[in-house]
Structure formats: C-alpha cells, structure tokens
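Chain nomenclature is as follows: A, B, C and D, assigned in order of appearance, with residue numbering initiated at 1 for each chain independently.
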Amino acid sequence: MSTNSFGHVLRITTFGESHGPAIGCVIDGFPPGLEISAEEIRADMMRRATGQSRWTSQRKEAEEVQILSGVFEGKTTGTPIALVVYNTDARSKDYSRIAEQFRPGHADYTYHHKYGIRDYRGGGRSSARETAMRVAAATLARKYLQDVAGVEITGWLAQLGEEVCDLHFDSAVIPTNPFFCPDADKVAQLETYMKRLWKSGDSVGALVKARATGVPVGLGAPVYAKLDGDLAAAMMSINAVKGVEIGAGFGSVAQKGTEHRDEITPEGFLSNHAGGVLGGISTGQPLEVAVAFKPTSSLRLPGRTVNAAGEPVEIVTTGRHDPCVGIRAIPIVEAMLALTIMDHFLLHRAQCGDVAPQQPRIPT
Amino acid sequence: MSTNSFGHVLRITTFGESHGPAIGCVIDGFPPGLEISAEEIRADMMRRATGQSRWTSQRKEAEEVQILSGVFEGKTTGTPIALVVYNTDARSKDYSRIAEQFRPGHADYTYHHKYGIRDYRGGGRSSARETAMRVAAATLARKYLQDVAGVEITGWLAQLGEEVCDLHFDSAVIPTNPFFCPDADKVAQLETYMKRLWKSGDSVGALVKARATGVPVGLGAPVYAKLDGDLAAAMMSINAVKGVEIGAGFGSVAQKGTEHRDEITPEGFLSNHAGGVLGGISTGQPLEVAVAFKPTSSLRLPGRTVNAAGEPVEIVTTGRHDPCVGIRAIPIVEAMLALTIMDHFLLHRAQCGDVAPQQPRIPT
Amino acid sequence: MSTNSFGHVLRITTFGESHGPAIGCVIDGFPPGLEISAEEIRADMMRRATGQSRWTSQRKEAEEVQILSGVFEGKTTGTPIALVVYNTDARSKDYSRIAEQFRPGHADYTYHHKYGIRDYRGGGRSSARETAMRVAAATLARKYLQDVAGVEITGWLAQLGEEVCDLHFDSAVIPTNPFFCPDADKVAQLETYMKRLWKSGDSVGALVKARATGVPVGLGAPVYAKLDGDLAAAMMSINAVKGVEIGAGFGSVAQKGTEHRDEITPEGFLSNHAGGVLGGISTGQPLEVAVAFKPTSSLRLPGRTVNAAGEPVEIVTTGRHDPCVGIRAIPIVEAMLALTIMDHFLLHRAQCGDVAPQQPRIPT
Amino acid sequence: MSTNSFGHVLRITTFGESHGPAIGCVIDGFPPGLEISAEEIRADMMRRATGQSRWTSQRKEAEEVQILSGVFEGKTTGTPIALVVYNTDARSKDYSRIAEQFRPGHADYTYHHKYGIRDYRGGGRSSARETAMRVAAATLARKYLQDVAGVEITGWLAQLGEEVCDLHFDSAVIPTNPFFCPDADKVAQLETYMKRLWKSGDSVGALVKARATGVPVGLGAPVYAKLDGDLAAAMMSINAVKGVEIGAGFGSVAQKGTEHRDEITPEGFLSNHAGGVLGGISTGQPLEVAVAFKPTSSLRLPGRTVNAAGEPVEIVTTGRHDPCVGIRAIPIVEAMLALTIMDHFLLHRAQCGDVAPQQPRIPT
C-alpha cells in the first residue's frame, strides 16, 4: 500500500514538490520490449506543460525528462522505469508571503493540520506539477495499448464556465487550438472569453471529456476494482476535480430504464449510455468519461483567510496561475484514462490468460 | 491486491453471489475492543434489505448474519472479522430463461466475455446483493467513528427521476418514509410517482446525497489515496452508479473562483463548496458527496438483445426488481462513506501518530 | 493491504479462530473454468487434519468444507471463492485455565500486549487451525498448476528431532506412513521415537522439505516479490516455523563459489544448489525449500510463566496437542509452495503475457 | 501491488540498474518532522559501499545521494521522499563479453527467459547495487526508531566460510575492522583467510547475524504479515541470500519443547530461543535474525555455461567482484531489519492506536 502509487499490476509511484529539486515517477510492472525514448515522453509532457499558451500559467518548464532505469538500448526491460525532471523555473520567492497563510481553496490548511509541516512553495506536493509525471508515465501506456489493441484516447474541453464547447465535435480540431476545443467555430469565442476572464482577475471551472476507442471487451475486475471505479479514483485524484461521470452520468438520474439500457443487436449495441462499462467490465464500446474541474483558487482578487496563528488576514495570490486549470488538465485526464485501461489490460491477462479481441460486430 | 477488497488499512473483502449459498465479508485491520453484536449488524442490514417496502424488490432476505470470527465475548479482538449471511429467498428458476441471453444494461454480456462462464442466477456476483455486506461491515465502522470522533453519517434521496426531493431538508424526516426523503411534504408525491412508474413497467434513476459531520481535519492521503479519490472509487463501485460529486461537483464547472473558493475566518470557513476536502485531505467541515444512480435495467417491458450465440432475441425480465435502485442504495452510500472515513482515520494514525481533533472554531 | 491475506494477484484471505464458530478463506483472482468440488478440497484437508494418527492431536475435525461462492455448476467462475468449515470438536473448557496465563512459547503474551484482548480458547487466531484453510485453498492451486504446467509438489519429513529421515528417498513411501517419511526403513524407528517422546511428556522439532517439479522458467518478480522471497514469507507465516532455506540454504555459507554455482551445459544445469531460483526467478529446475519447525510449546510438563497480573505461576497444558507439530505441517508447506507458485504464474502472465514452457533440455 | 516495493505502510520502492544512469528509491508513508540530511544518508551508504576495503569489489561509488523530494528545510514533510544516486564508476565494457552468455549462479539465464531482454551490464537490475538504496532508506528508519523507541540495530559477520567469527562477541569491535567481525582476536585470521581466498580465485559464503534491541512489545500482524514472516521476506530479497533464521532457527529442529520454550518470570523471559517473536508479534526481547549468503558466483576461475543460442561456452568473469558478498551485506541486513520494524511500528499504530512501551521488566 502506497498512497502515492496508482494501479494494480501496472503501478505508478510519483514523487516531487512543485518547487523542490525535481519531480519524478517509477513505473513498475511494465511489460518488456516496448521501444521508448525520452523525446517521445517529453513531447507528450509538453502538451500539458505550462507556458504553452497565453491562457495558462507562464511558468516555463523545459520538461527535460531523464529515463533513469528500466530501459536498455531503447527498449523497456520489465524492470522499474524511473523518470525524473529537474525543476528549472521554480520561483520560490513568489510564494514566501503565503508561508504563514492558508490560501482559500488550496491544500495549505489541510496539509498544515495533517502534517504540522508543509513545503508551501508553489503548493509543494499538492501542486498540479505532480501531474506532469502522470502524463510522462502514460506515454508508455498509450503506446503499448495502441500497439497491442489499437486503443485510441482523445480528451477535449466540453465546457468552459458556462460555454459549451463540443456542440460540434471534430477530433481533428482539438490539437489545433490551445483550448483542446473540438469545435472550430467556438475557438475565437473562447479567446474572447479568456481575455475577459483574465482582465477580471477571476477564474472559472471546466468540463473535460475523454473517450477511449478500441478497448477490448472484458477489462475490469469486480467488485472493488471495477473499471469505472478505478477510473473514478483516477480522475478524482487529479487536482481540482470535483466530479466524475461515466457514460450518461448524472443525466441517468432523470432517465427511464427503457431509455438508458443500451439494447443489443447482432450488429452491436444501439446506444452507449453505459459509457462502455457494464458491471465494472468493458463492453468493447468506447469508454466515456466526463470530469468536472473547479475554478483556480489562486486569484489576484483579495480574499479572506487566516494565518497559522488563526488570525484573520487578507490574501492575494500573485504567482503565475492558470485562469482555468481545466484546460491544461486535458492531457492529464487522457493520461489517467490510458494508465487505468492498461492496468486492467494486464490484470485481465493475469487472471484470464488472454485478452478477448474487441468485438468487431459491435459498432462503436 | 485483491479486486474484491476495499480499503487501505481497514480492508473489507466481500464474496458471494445473489443466488449462491451465501454472501459474506472479511473485515481486516479493525481495532480491538469495540462492542458489537450480530443484532446490531442485522438492524443496519434491514435498512437496505429488499422487501421492506412495496417500492423495492419483494425478495425477502432475513439477513440472519453470523459473526464467524474476530469477536470474542462481544468485543472485536483485532483479528479478521468474518460475517456471513446464507441466502434464503433465492428463487433461481426465475432466472433460468436468461441463462443464455444478455440482459441489456446488465453485466451478463461483459461477464460472459470476460470469464467465459457466469453464474447467471440473479446476476450472480454482479447483483446488488453483494452490497448487503458493505452495510454489514459499515455497522462496525460507524460505531467506531461515532465513539472515537463523534462522526455522524446521513444519506438521503435528493432526486427521484426529475423530482427533486431535498428542497426542504429535515434529517428527522428521512427515517420516517420508505424513500429516505428528507422533505415531509414531498413523500406523498413520491408515492404517487412510484405507483405510476410501477404501473408503466418502466424504471427511473435517482440522485443520492450523503454527508458526514464530525470528521477530524487531516484525514486523507495525497496523491493517489486522496479522501475524495477513495470516496469516488467507493461510490462508483456500487451497482448502477454512473457519477460521483464532491461538494459543488459538476456545479463548479460554471462557478467563478471568487465564488467557489471557501474563504476562511477565525470563526471558520464561510462556505463549503469544497465538500469538506482540500487537496485530498479533510478540512473538518462536513464531507459531502452526491451519487447518480441509473434506472434499473431489469424491466418487464420487452427489449432487444442477443443470446450467447449472437442471435437477436426479445427479452423480458420477470424477476423481482426495484423500479428505482437508487432508493435502496442510500444505506449503501452511507456505508461506503463510513468505511472510507474510518480507513483514513486509521491510515492517518499510522503515519502521523494521532488524529487532530476536529477544529472547534470551524462552523460546520 | 490486508495482514490476513497472502499473494499478489492470487490473493488468499483467511479468517477464524481455533475454537470460534468457523474458519474460512476467500480466494480472489482465481482463473475461471477449473472443475472443483468440496470433496476434493476435503480430501486434501484430511491429510493435514488432526486426529489422523496417534501421533497428532486427537482433536477430530470433520473438515466439512462448504463452497459458499465463486463456483457454479462445479466450475470456478472468476469471482471470489469462499470456503468455510464450522468448528465441531472444539472443547473450549480445556483452555479455561489459561485464560489468565501466558503459555511460554505461545502467542498468548504477545496477543495480550498487542490487542489488550484475546480469544484464548485453543490459541484463538494464533492456532495452527488457521492453516487448514491454506491447504483448502491450495487444493485449487495444485490442480490448476498440474493442469496448465504439469507442476508436481511433494513434501516430506527430513528430520525428526535428531533423526534424519530422508537418507533414502522414495516419494512413493511418503503417503504410506503417518510421518510423511520417504524412507521405508525408517518408519518403525520413528514410531519408537514418538512413543518414547509421548511418554516423556516432551516435544521435539522437525525439518520439513518440499520440492516442486515442472515449474516453468521465468516465474518470480524482482526485487521485493522474488519467488524465493515470497516463499520465505509463505513458510515463515506457518505456525512454529523458525527457519527457511532455498536450495543449499545455510550449507552455502561454507561452500566455495566453484562448488555452489550450478554450471550449465546444453543438456541443462549440472547441479541445483540454487534450489531452482536465480535472481528471484525460477530456473525451470525443481524448486527446493527446507523449513525448520520448533517443538510444540504446549506440554504437560510444568513450566514457569506469569499471569496477566504479572505474578509468577506454574503452567501445565493439558489440551490435545501434537508432540511434533512439524509432521502435520507437511501438507501446509506443500500448500504454501503451491499458492506461491501459482501466484507468480499469474503475475508473470500479467506482465509478460505468456508463460515460457519449462526448458525441456534442462534435466531436473 | 508493486514488485519493486517493500513494506505495508512504510513503503519503499527502488529502481535502477547497476550500470544504468542512476539508482534510487521512493520512501512513502514516512512520518513528518524527522530531521535528515543527505550527508547522514551518504555516511550510512558508505558502510555498504564497494571499494571500502581490499576485500570488496574495487568499484568506487561516491554515493553522492540527492534528496529530490519529501524533505523541506531539513525535515521530512510526510510526502514521498525520493533519493537518487547517479552511477559514476560503472565500467560497462567489462561486461560486454557476457552479453550473450549466462553466468552460472547469476540471474542472466532467468532474466533472459523471463523478459526476453536484459540489461546485462553488471547484472543490471539483479546486481547488489540496488541494495545501496535500501541502506539509504533505512537511514531514516533507524533514526526514527531510535528517536521514538530507542531501538538499536547491530549486524555482524558470524561465519566466513567455515570460520566462526562470533565466538567472542564485542559489539564495539564490529566497526573497527573491514569484516564487521565482533571478535578482535579473529580479525587477523580473517585477513589471512581472505588473502588465500583471493589468491585462489575462488569465493566463499557467509553467515550474517543481526539484532534489534528496544523493539516494543506488540509489533507484528498475524497471519500473513507476521513480523518474522516479513523479516524472512526482507532478508531473502537481498541478493545471494539462501536461508533465514529467527531465534533458534534450524537449531530448533533438534530441540525439545522444554528446552525451546522461553519460560517467563516476573523479571522477564528466561531465554530467547524465540528470537523476540511469538505468534508473529514482538515480545519486547531482542529481535534476532541469521542470514545465509552464498559465495559470489562471479569468478575468474573458468566455468561451463551456454550462450543465448544454447551452445556450450567456457566463462570467466573478470569484472570487479567481492570474494565474499556476505561481508558487504551486513549493512543491508541491518537496513532490512530497520525498515521491517518501522513498518510494523506504523502498522501497529494504525490498528491499535498506540505503541506499548517495551516491557521494562523483561530482561533483554
């Protein structure tokens, strides 16, 4: 049991603080023989990296990832793969003021009360900087899943504040704009929205969706390692997440059974309200997840809080922060989706010996 | 790693099929010295039991739970506590027809493809019958948490289909009606609704909410065993759940940062959009979770599906089923909340040695 | 993490006290499709059972094992398999005298100080009665390993006190005598030895050896789940075990490198000082383990101890006890060997996808 | 579940290959507030380091350990502590010859068959280089245990080949000689022995013993996380270990019950054949473990083996190697002892809430 590890048989352990010397991870249980390079990993990490657009934090990390172990002559060997990225653009003095204050909406208050000591610089361990290593680890998982099962994973911005972003969905549009928005006509509107938001000093929440196609039928392990249960834990472990849905999600509350149940024909399921999971096991249909991100709590607009002595203070956060953390979280959602699927791919193989090919008759 | 176990240091392992000889659980890591009796456990189980009202499945289980181990002279001893309930009212022939058919919205299809063999009687392992043992195990956890920390857990029906049920909230009303509805004025309306639903042969989804008060500050373990992450997994592992929210949940998508962040004063937090968790660690405020249940998939209204040979068949489910599984799930949501909190209570003690008293200054 | 569970992906959880209502286990992660019956399991359990010969405790347990879950129409389904045996011949009053005394060499003292409460009847959880469920669980593992890989497991008594029992080894002799002795000429001598021991009121230790043939090359997982590391834990978890050796074991201390290293030829390894494991991974040679059992501590010869109040008392144990617990432990050693191998068989499959056939060129 | 992790709630994950870029570890679950510096860790690592005497491998590693996370302003914070040491004196070309050959007694053969690919340089992951990180992690555990419970851990060389080294035991002598020998009169003899051994080109095994005093009564967790069971796994996970004993160990085979059972008086136990553990739980007496190390398999004396093509070849290992790996393993045995005790210290606290002070009345 490690509370900084994720996965059953594909086990990711991360470490590192936002402004500490380095962040890193250990990937254990990864199959031997996959070709991988630091460059490939870095390319994925840059999708999440800050400083990539004017709408995200201007901290600029080079993400010069080093592979410290587990890869020999360009291939995974089956031994633990350690990745490390030294922090280079950590401006710790930005945070000195908050050493003794609890930023509202942040983990300052709870870390202080739990541990009695905290690395306050940039949020320390509670910073989203940690998630960079999830994306790094997932580079290997995505490549593996693509190779062995043709799994493809796509995440996108479904809503920014009150702006719905995926009324028109074109996956080809997603990588062409800094919002991961799938609707080409919406991008300009989002820019205006973000400009206004930036000017106001406030922040906003986001709805992120992700989909995995090509997932073989049969992945998942009842009862407490259900594929959707593990996905929920995976997503909720991402900073700022307040809600997770699979398939119809909260929409299923108001559905009738005749509407929700996905009927089956010899040609496949007629709908996918289930989101690709029944009884915690993949159906072979696309795996569909939606994740709610709260608005950034670090604001230059003053707020009330207390200091460690319990005295009231006014707080203003002047560090470099995203006005909407949800945007940059999209590669992280994709990463957690990939890691969860691969973990269950291997776990299924342990118990059942082989992985059923995806049912070709089932339209996705 | 056991996929039928839940929890880090308080570890619950369940077993059993809906129509097999028995269901049961093993509770490992429970502290010694708690007074407990089979009667207390049974009383809790009856809250969840079927056949308790005309609105739930008419299967009548006596829930005659036996304590097989771990309790000596009425007290827990620190060794594993095994509970078992023999199934008495399992009418397996009700299900013989579906042995070769995949019920839409059920786990039949996925279990078949995963394992190549399945106990189709009453859904076998995928039946909500399994959750009876969660409620049983949670009886001990609730009592322990109440004793050592004054934690109180309350669950209720927040929405039935499109009917919102908690506009007026009075916790005293919840146990007085079969819907766990907290609004006395709403109960009659719900009865009418359910009658109509029953007549129609259709089913409906539900929104269940639960709250824990008295949770000490400091529980939770970053990064992959966050209190909210573990809660998400716990809730999503319940049958028919399609979504989980903590605090403001999906509502936080459209919130501004100034609105969402819970400001702090010497008298406490000014709001609880966080739902009692910041950075994966409890704040001492009430822990608040909302859970979406899909409508029952077992319907007497015919639906299309295929049989194991892949041929199209029409299916009608005639067994005894709840028209809204969400109602009966309320004690299960409470149970998973209790088990998760207690697990983190013990886990915190392992690492940090003591549990901080709940902050008395923080209004809840 | 469960401290009453064993195994990585094949996970056995046991429960029960010696004189409690029942003992049992949950087997999680077992592959679907294996034919198994309660009768087969009971037959294996009887090999370990007390009362089988005049040299073991005269407690007579029928071992009427029930399969409560995970088996449908005679085959495993992939869901958790729960086994339970109700205790029938537990004479608790035999133990009433020791409720307040700590028997030397027993767990009374340590359970008391750890938990503050203990089920003293027959040793409660610390009794070897628990191991009956390991044998039960291993029935399935042995059958599976035999089916898929031709693995055969044999345990025997190698030494009884100072009497070496396997100078002449004939595996066919083992099941023909109550000592699991592989030397036909030795059996009469052992009977005389045991008679004298019984008369003296004293007890004696034993050396048990076990071997598994047919183990595929490649099982084991560096670094902290090495096959030999897991075997060491498995064996040391058996009651009364004080030492574990793999291959040459403690004999390797005085060996030279040229003597110990097993040279390899195209026809196979020239020796097996390694005991079938190199670097924590199986070589395909026989897996060989030796286990030291201490003498029974329950003696009718009086001994000094203290009671719970710390006062000196003289203790005499009058319950039914084995004069040499090591003899009856042989099926348990075999069981732990089988469970460990099967766990690694599945674990290997998770990471590496297939299990290499045993190297036929390597003489065993 | 991670096969490169060790411990239940204090969880150590190691990574790295002998001649890869770096080795490292992540320590998860460590309590906040312990003062620690890289210098302290390095000092401990140097005790194990190669090149420290003429009797160990001449590879000279500076062990310039970096603390990458989990320590802030000189104190642990409760978040994962990552340590890394870059390999500096790895002469990989020494090993190029063995890329295609399986060194007898090494993991070459088994890694090849398990993974199909291996980092052959210096043994890769199977090298004892990995153990440097165990010593590093244990620096923190030893300091913690000393602080909170006064636990002291001492390891020594008990036997070198056939030479018994601890007939006269003086713990003060251990750090004064390169053999960790506790008998001052024996040291010269060991030097002569090693010179002759070195000249001969052969290697020899060793018996290492270790003792922990001050261990509180009550640590350990039945049944499958017994303190001695976990110690057995911990020790067997060290490279070249072939046997583990607790207390009387294999000597208990020939003992009578009246001899072995440690009688108790109001002044304490009268002996310690148990080695400080009864029923898997610490008694408060010294914890005593003995570990058998096989002779080094890397020899300049030629041996027979096969290459990857299965053809017979003669092998000579010319790299820098210890003629007796057991000597250098003593700090590793101490490290695993410390890590195991601390893990159980925390685990006990989780379940039972407090750690009983060591029984002062019990002489150690």
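Everything that follows uses one rule, which is that a residue touches a chain if its C-beta (ideal position, glycine included) is under 8 Å from a C-beta of that chain, and two chains touch if they have at least 3 such contacts.
Here the structure is a predicted model, which is why all the values come from computation and not from measurement.
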Which chains make contact with chain A and with chain D at once?
B, C
Pick out whichever of the two, B-D or A-B, is joined by more C-beta pairs in contact.
A-B
Let me spell it out: compute each chain's centre from its C-alpha atoms, then which one is farthest from chain A's centre?
C
Just how far, in Å, is the C-alpha centre of chain D from the one of chain B?
45
Distance-wise, how many Å sit between the C-alpha centres of chain A and chain B, to the nearest whole number?
26
Residues of chain A that touch at least two other chains are 1-5, 8-9, 14, 29, 32, 78-79, 114-116, 125, 222, 347, 352
Using the touch rule from the top, collect the residues of chain B that touch chain D in their complex.
1, 9, 29-32, 78-79, 222, 346-347, 349-353
Please output the residues of chain D touching chain C within their complex, sorted ascending.
1-6, 8-9, 14, 102, 104-107, 109-111, 113-116, 125-126, 130, 159, 161-162, 202-207, 217-226, 228-233, 235-237, 239, 242-266, 270, 273-275, 277-284, 292-297, 299, 301, 303-306, 310-312, 326, 347-348, 352, 356, 359, 361
Sort out for me which residues of chain B touch chain C in the complex.
1-5, 8-9, 11, 13-17, 20-24, 26, 28-29, 32-33, 66-70, 72, 75, 77-82, 84, 114-119, 124-125
